[in-house]
């Protein structure tokens, strides 16, 4: 909606498809408006976490709390067992993300190289799987994991990596590998490369930006996963960060600096990874167009 | 021993029984319009497309059931298919290293191949830093380095601009003569075929129409299709009834007479009377279209000698330059 | 053929995951909807009893109504906002790069942390949202002399709160639309300029039809996701309330019945209703998309 307004105004400044100085100014103004709307929740998250726990709430909104205190963080780490939970989360991500990316890219490659008829069936199944809401699968998955002895283990949290975390990612890889020129694959066959080596030596290096984006998204999804641990993990020693955070919040729901501090701790790694990867997919068009 | 032999090969995409043999060290050009099955034939030899019937032999070996990598062929693709993420040197030695050649040996052979085609100064560059002609050379070096039994070239010159195409054509021919390799070169460009080939195979609708030296193809096309496909503008095909008007000995009415535009003589003393309908000047040449007895005939003359559109001219043909075809298209002896 | 076998082997892990973790559980859910099952005793087939019970259940009716309202309001709004952002930010200008990052950041925050953040932001007494709304007013009223929204205790306000929360997490849709807009060929805009088309005309006749296929897919996807998106906020921020079922959505209903009340068959039946609704919504949208595409002479389907 914000964009529409700015667009219309820039349209009246001239029919040129290329931005005039005035159009650029309106666009910048719109961009600043976007920042003003989207950034405050996160700033408030940090601000709230830095308040002194136990103080009465301030009468008005405060972007910089007074006094600034890190007591919320100390209490959060002690009360919530966040160290243990962070370790568990890291462990899950360290196994699940690489496995997931490998599974997704292998599957995407195979789909791109197999006859259309075979690939079509698998793609249809993946699209179907995308339509099923996660909550619809909790109960039967719980049954499957119980049979396999995976309930109340971190294995239940790594399991989604087996389907690439989301059926969307093999499909994205499929499209990326399909978009490579067919003659490159022919050249590999002439050089007697097996499909596995073609995947590793030629196809994968050529879709690095896709891998960066998918790895980052997989990481963020795995790191944030709340539903799976909520259902499959009960042992406090196996709690991942999101779960530990929830129990921290239920411990004392009114003492918000403590659970906001926990939220900041859980958010920071996700944002860090996103920050590293974003150049690849948010700003790539400016960088590589000259190629 | 033959370099490549193809026995009655059938395949999807309209290859319907092709027999061909390419001698050791020969450069065979496969020529035909798009959709004739040229590229499919090449892919059949490479093993990239499966044959539904027939056999493919390379260096005397039946390779019909072998996968591409086991046939010891190399291929230059239309788009060159260089690996964008590898340097020129890595592109060239790719085939050696994946076959477990030692690094040192691979490096030496890469340098030699690069020198042979004149791209040894580019070894550290990436494909996207190269011009079209340079990519072409790298693709050739990559094909060369493994010393395969046969080189397959799929319209390798079609992505180059006209000037470069002529230059690379000459270099390709020189390269072939220097290394004496067996080559199968696919193109739809008849000039390229005539200049490059030891022999030319003309394909039409998935079958071989004629195989012969450029000279044979040009002088004695065995069908009217070959006659018209080779030569620009294409050969005039006229009903036999027009023979008298063109100053030729009489021909049976159901025969076709084929006359190349070069052999049409405008301003003959005793030719048939025709009207010039169009004149295209191409530099020093002119293509003059005249209408005679309701038929359009094209003549190629020097631009300086061209008549104006709308002018009346007398048209005749030099008797020695006439081809005769049955209405089915086959060549027949002159009466 | 050897090569084919190797490719199938490469596909195998994903196929195992897909069938084992999605397709088979999905089939099991469909079966369990017709059974009475508590995971202790063997399932007992009871035909359509679960469904008749569902429609007599006030909690379920409330969950159904809430989910439909959420999907009908939040999904179009999310798509519109993301489209607006993509069109605004697809071209370089000052602050555009920062705005792109800002628009995606809330999506990156883990769901639970995001929920806790809004739990605080929406607190009627000391939450920043209401503090802001009260700024300038007296006695805890807004400038206009009205009571600020009771986000967590009034059913309507609570639903609005959950929708507002969902409007900030549009990063994924935004990124896809941004890439789509940037991939549109410049020539069509040059042509539009030559024809002297401006602003709204360009948007309606050029941009919208060209982006329609992607927009359509995103609409379908977001509708499907809307059943999941509302789960964590409802669980963490409003706890399904205000009582009795102010923000109980289908996903929360399923979760509670399965894992708190151990009524798996009943939960599965609710899941099936959810799926049927999804399929209906998808079919309806698909139909509309096809009609729109035909109007612009694009290939159907």
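A, B and C are the chain letters, set down in written order, and residue numbers restart from 1 in every chain.
One rule holds in what follows: a contact is a pair of C-beta atoms (placed from the backbone, for glycine too) under 8 Å apart; a residue touches a chain by one contact, two chains touch by 3 or more.
This structure is a prediction, so every number in the text was calculated from the model and none was measured.
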(message) Just to check the components: without chain B, which chains are still in contact with one another, directly or through others?
(response) one piece
(request) Please work out which of A-C and A-B is bridged by more C-beta pairs in contact, and write that pair. (result) A-C
(message) So, comparing each chain's Cα centre against the centre of all protein Cα atoms, which one is closest?
(response) A
(request) Tell me which chain's centre, taken as the mean of its C-alpha atoms, is farthest from chain C. (result) B
(message) So the centre of each chain is just the mean of its C-alpha atoms; given that, what is the distance between chain B and chain C in Å?
(response) 59
(request) Please compute the C-alpha centroid of chain A, do the same for chain C, then give the distance between them in whole Å. (result) 16
(request) For chain A and chain B, let me know how many angstrom lie between their CA-based centres, rounded off. (result) 54
(message) Give the residues of chain A touching no fewer than two other chains, as numbers and ranges.
(response) none
(message) Give me the residue numbers in chain C that touch at least two other chains, ranges are fine.
(response) 3
(message) Residues of chain B that contact two or more other chains, please.
(response) 67
(message) For the complex, give me every residue of chain C touching chain A.
(response) 3-4, 6-8, 10-11, 13-26, 28-29, 32, 39, 80-81, 83-89, 91-106, 108-114, 116-121, 123, 125-126, 128, 131-132, 135, 168, 175, 178-179, 182, 186, 189-190, 192-193, 196-200, 202-203, 221, 224-225, 227-228, 231-232, 236, 250-251, 254-255, 258-259, 264, 267-268, 271, 274-275, 278-279, 282
(message) Looking at the complex, which residues from chain B come into contact with chain A?
(response) 43, 46-48, 67-70, 73-75, 77-79, 81, 83-85, 94-95, 98-99, 128
(request) Sort out for me which residues of chain A touch chain B in the complex. (result) 181, 183-184, 186-187, 189-193, 197, 201-202, 205-206, 291
(request) Mind listing the chain A positions that touch chain C in their complex? (result) 1-4, 6-12, 15-17, 19, 24-25, 27-28, 30-32, 34-35, 38-39, 41-42, 44-45, 48, 57-61, 103-104, 106-107, 109-111, 113-114, 122, 125-126, 128-144, 159-164, 167, 170, 194-196, 199, 220, 223-224, 226-227, 231, 241-243, 245-246, 249, 253, 256, 259-260, 262-264, 266-267, 270-271, 274, 278, 281-283, 285-286
